[in-house]
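By letter and in written order, the chains are A, B and C; residue numbering begins at 1 in each of them.
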Amino acid sequence: MIQVERKKIFTGNSTRVELKNLTKKFGSTTAVENASLEIDSGEFMTLLGPSGCGKTTILSMILGILEPTSGEIAFNGQPINHIDMSKRDIGMVFQNYALFPHMTVFQNIAFGLDMRKVEKEEKKKRVREVIKMVQLDGLEDRFIKDLSGGQQQRVALARAIVIRPRILLLDEPLSNLDAKLRKEMRTQLKKLHRELDITTIYVTHDQEEALSLSTKITVMSKGVIQQIGAPEEIFRRPRNYFVANFIGYGNFLKGKLVDEKNGQFIFETTKDSLRLTVNRDNKHQVGDQVFLTIKPEMLEIVTGEKTGVNLLDGEIVTSDYIGSATGYEVQMENGRTFQVNVPGLNPYAVGQKVKLYLDPAKILIVDEE
Amino acid sequence: MNRVVFARKRDYLFFLPSLVPLLLLFVYPLLKGLVMTFQETGSSGLTLHNYIEFFTNPRYYDTIFRTLYLVIPATIIELIIAFGITYFIRGKMRGKGIIAGLTIFPLTLGSIIIDMGIISFFKPTGWFNTVLINIGLIDEPFKLVYNYWGTFLALIILGVAFMASNFVGIMDYIDPNLEQAARSLGASRWITFKRVYFPLIRSNVLTVFALNLIMQIGVYSSAVIVGNPASETRTFVVVAFEEAMRNFNYNMANTVAIVMGITQIVILGIVFAIRKRGYIGSASTFK
Amino acid sequence: MKTKKTVSENGNYHAPVQGKTFIKNSIKEIVFYRGYQTVSWILIIAFLAVVLGMTVSVILNAFGEEWYGTFLPQGFTLEWFINAWNAYEVGEYFKITMQIVFIATVISLILSIPSVYILARRNFPFKQALISFFQLPFTLPDLLYAIPVASIFYSIGLAETMTGLIIVNLIVGVPFSVFILLPYMESIDPRLEYAAESLGATKFQLFRRIIIPQIVPGITASAINIFIRMFNTFTIILLISGPKTQTLNVMVFSVLQGSGSQPPAMLNSLALTLMIPLLFFSFISLWVSSYTQRRLGK
């Protein structure tokens, strides 16, 4: 029902954003290399990556602060590389909010409408609308310095959406808020995006934020796009070592797929020739250099008698109670260690000899690059 | 933050070494100087004679107009040049360091060397006139030294350097995101300047302008070396020095100094009255 | 059309947006911006050309053989420079200046450090007023106190003496060093002092062992700035200096003031003798400040 209504609302303003082979160089360093990306109208796209990965550079090029060295940016198919940033109709929320200190909340929000020469009554109406939407009622005449961090954040958001932009850009908007407020704002942002159904590009280094907010995620590292996909896809099937590591996988084993048997690969580590069996996927084949990864909570500790594949002998060297589970570090005889999370409070003791079981179905094969 | 402790009585003793010399060398002479203006040389009775003399004899009161006629146009032009240069190179621009460094460079040299440079560069056979004549812009060299224009140029060079050195800091303090926010909301470069950038630096710019203005009212060595101190560039300080060093009339010399001080205060008052009519406050982004 | 209308009547945020399918730049703005850029570059180039032209022509004048109407002098020589150095006894004045300024700098620092310490560490009524008072001598036009100081110094016989010149430099030196030492002192963590005190240090030991070593970088940087400032002190020195006890810049000024008959090359050489130490000191100052910044900023 809501779906239908939304479609109706958004006939005039929906914008598809395309980046085609976008490259940005600063002198000899390449900040963004050959990035191609399509963002459908109404999408909530998150650019995720550590600082310095080029995500803010992409945002700056879309906004128009930076000009691409090569490549093209297009809105609804129209190239906008050479369009002045004042003409791009983008709502931007800066990391430090960049609110005008010499204007009141109302004046800040109305600034974009003033630029569009919206007449006075209409302007008042629209500002009042967004103020309500971001719950800033009663603060219209305050100056920015008299607002809390969360309130400032909402003024910045209101200022960006009141102009009914084609695209909403958010540059780590929650990073200056404390943990509790951040969660609250996350919910609000999500709600707002559902209401507005506006093409949104969100930059963050926080994978939790990215997974909870986005309809699509682009993971970046060192200026190169690593993977594009829905949050679930990124989370379940990270393509390579970097994405898997960034999204929270652990226990990486570097090696080679040496054989295939009964729909399973045989994998051998480079360092210590450890052999493991893993369910085959259709992206890899025998001979590939890959990483295996398994989440700490997917590893099992076996104490009794059990025989079969993927059983490793080890000793518990540290334990760390983390609330709902206990984290163990299990060390094999040759020094290799595994992180294991087991539910409950300290079921095993440090020094105890255990067996580790790596379920072939739960191991993930990821590319090196 | 709260580690600053309230002072105990003996802590005040620490101020003695610095305050005593200041009281003797600064406060006492200042007060004595004020009293001196109400006395005539050699007598100790109080009289308004010096001030009456100042405001009735054109030899003295002309200095007010001559100084202002020289300094006010100069500082306005300095403001435009210094602001134009520093605004253009604000933010991250290639070559910013070199341009800013060279603009501020005259400040290092000080006024006497600048005067010498003005003579060498702007004299009839100097580079300035040679170049203009050679490219055919003028037939006769401009007379730019030992008159009004010599001092004017010296003021411009030093004033631009002084203001630019302050403007660079002021402009570095403005968050570039503010401009970008305005531009992304649809403002042109000019509107961004008018509605966001200028209101934020306005009060600091005016303060620097006022400081420069009162500093330049005290122009002396340029008025003497590259100006014409007998008539066109007969500023306050020229007359004050003449009274003190040639006529040994310290009373009159100090009267001139006091009138100069009052002129400076009046001008400061005017500039600050203008300043008060705009936004005065932090120009930083709050976090 | 119909759906859009219904929506906006419902008070929904998404009122229709009129015809925003194609976006383009404004020609007027582009022309305006190009014009602005051109004017700015002309301004920058013109001003820098004058600054560089002045500096270079002083140097060329000082070292040029004959220079009349041509673009460059016909040859170069050190003769003018040496002549000027000898004729005006530059070496002698330079020595006097350095002595005066060095001694005055040291005295200024010694007199101001205790006050700076209290200003940075203690709260008391009218603290801000006191800080403003310290700034007064170098914000007020120096003529206001220079003339009475000169008349006082002449009446008690301090004028035209080295002692007099040193004392007079303190008027600028003491407040100026308070002003520039204060930020350094405020940046030192007072907990170190508490730690020292709790280990049984006396106030004097505290000062010598903890505070002084910590502000040494700050003091060095400040000392150089104070030194440069005093090297440039002009008005008051001019008023109380005698023919044999004057600083370099006052001497140069006096020569330039009555310079009718001197060859210009000689005067330019003289100006250079003042310019070289100034450039040298500012270079040192830049170097020291970047060095201390690197040390403080780790």
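The rule is simple: a residue touches a chain if its C-beta (ideal position, glycine included) is under 8 Å from a C-beta of that chain, and two chains touch if they have at least 3 such contacts.
Everything quoted here is computed from the prediction, not taken from an experiment.
Between B-C and A-B, which chain pair is linked by more C-beta pairs in contact?
B-C
Closest chain to the protein CA centroid?
Most central by this criterion: C.
Taking each chain's centre as the mean position of its Cα atoms, how many Å separate chain A from chain C?
The mean C-alpha positions of chain A and chain C differ by 50 Å.
Go ahead and note the Å separation of the Cα centroids belonging to chain B and chain C.
Chain B and chain C have C-alpha centres separated by 14 Å.
Taking each chain's centre as its mean C-alpha position, how far apart are chain A and chain B in Å?
Chain centres of chain A and chain B, defined by C-alpha means, are spaced 55 Å apart.
If a residue has to touch 2 or more other chains to count, which residues of chain A qualify?
Residue numbers touching two or more other chains: 84, 87-89.
Show the residues in chain B shared as contacts by 2 or more other chains, in ascending order.
188 - these are the residues of chain B that touch more than one other chain.
At least two partner chains per residue is the criterion; list those residues in chain C.
26, 29
What part of chain B is in contact with chain A in the complex they form?
175, 177-178, 180-188, 191, 195-196, 199-200, 279, 281-287
Within their complex, state which residues of chain A touch chain B.
Answer in residue numbers: 63-65, 84-92, 94, 96-102, 111-112, 115-116, 144-145, 147, 149, 152, 159, 163, 176.
So in the complex, the part of chain B that touches chain C is made up of which residues?
These residues of chain B touch chain C: 3-7, 11-12, 14-15, 17-19, 21-22, 25-26, 29-30, 32-33, 36, 81, 84-85, 88-89, 99, 102-103, 105-106, 108-121, 125-128, 130, 157, 160, 188-190, 214-215, 217-218, 220-221, 224-225, 236-237, 240-241, 244-245, 250, 253-254, 257-258, 260-261, 264.
State the interface residues of chain C toward chain B in the complex, per the touch definition above.
That would be residues 26, 29, 32-33, 36-37, 39-41, 43-44, 47-48, 50-55, 57-58, 61, 67-69, 71, 110-112, 114-115, 117-118, 121-124, 130, 133-134, 136-137, 140-145, 147-152, 167-168, 170-171, 174-175, 178, 190-191, 232, 234-235, 238-239, 249, 252-253, 256-257, 264, 267-268, 271, 274-275, 278-279, 282 of chain C.
Name, in rising order, each residue of chain A that touches chain C in their complex.
Where chain A meets chain C, its residues are 8-13, 75-76, 78, 80, 82-84, 87-89, 129-130, 133, 164, 166, 195-196.
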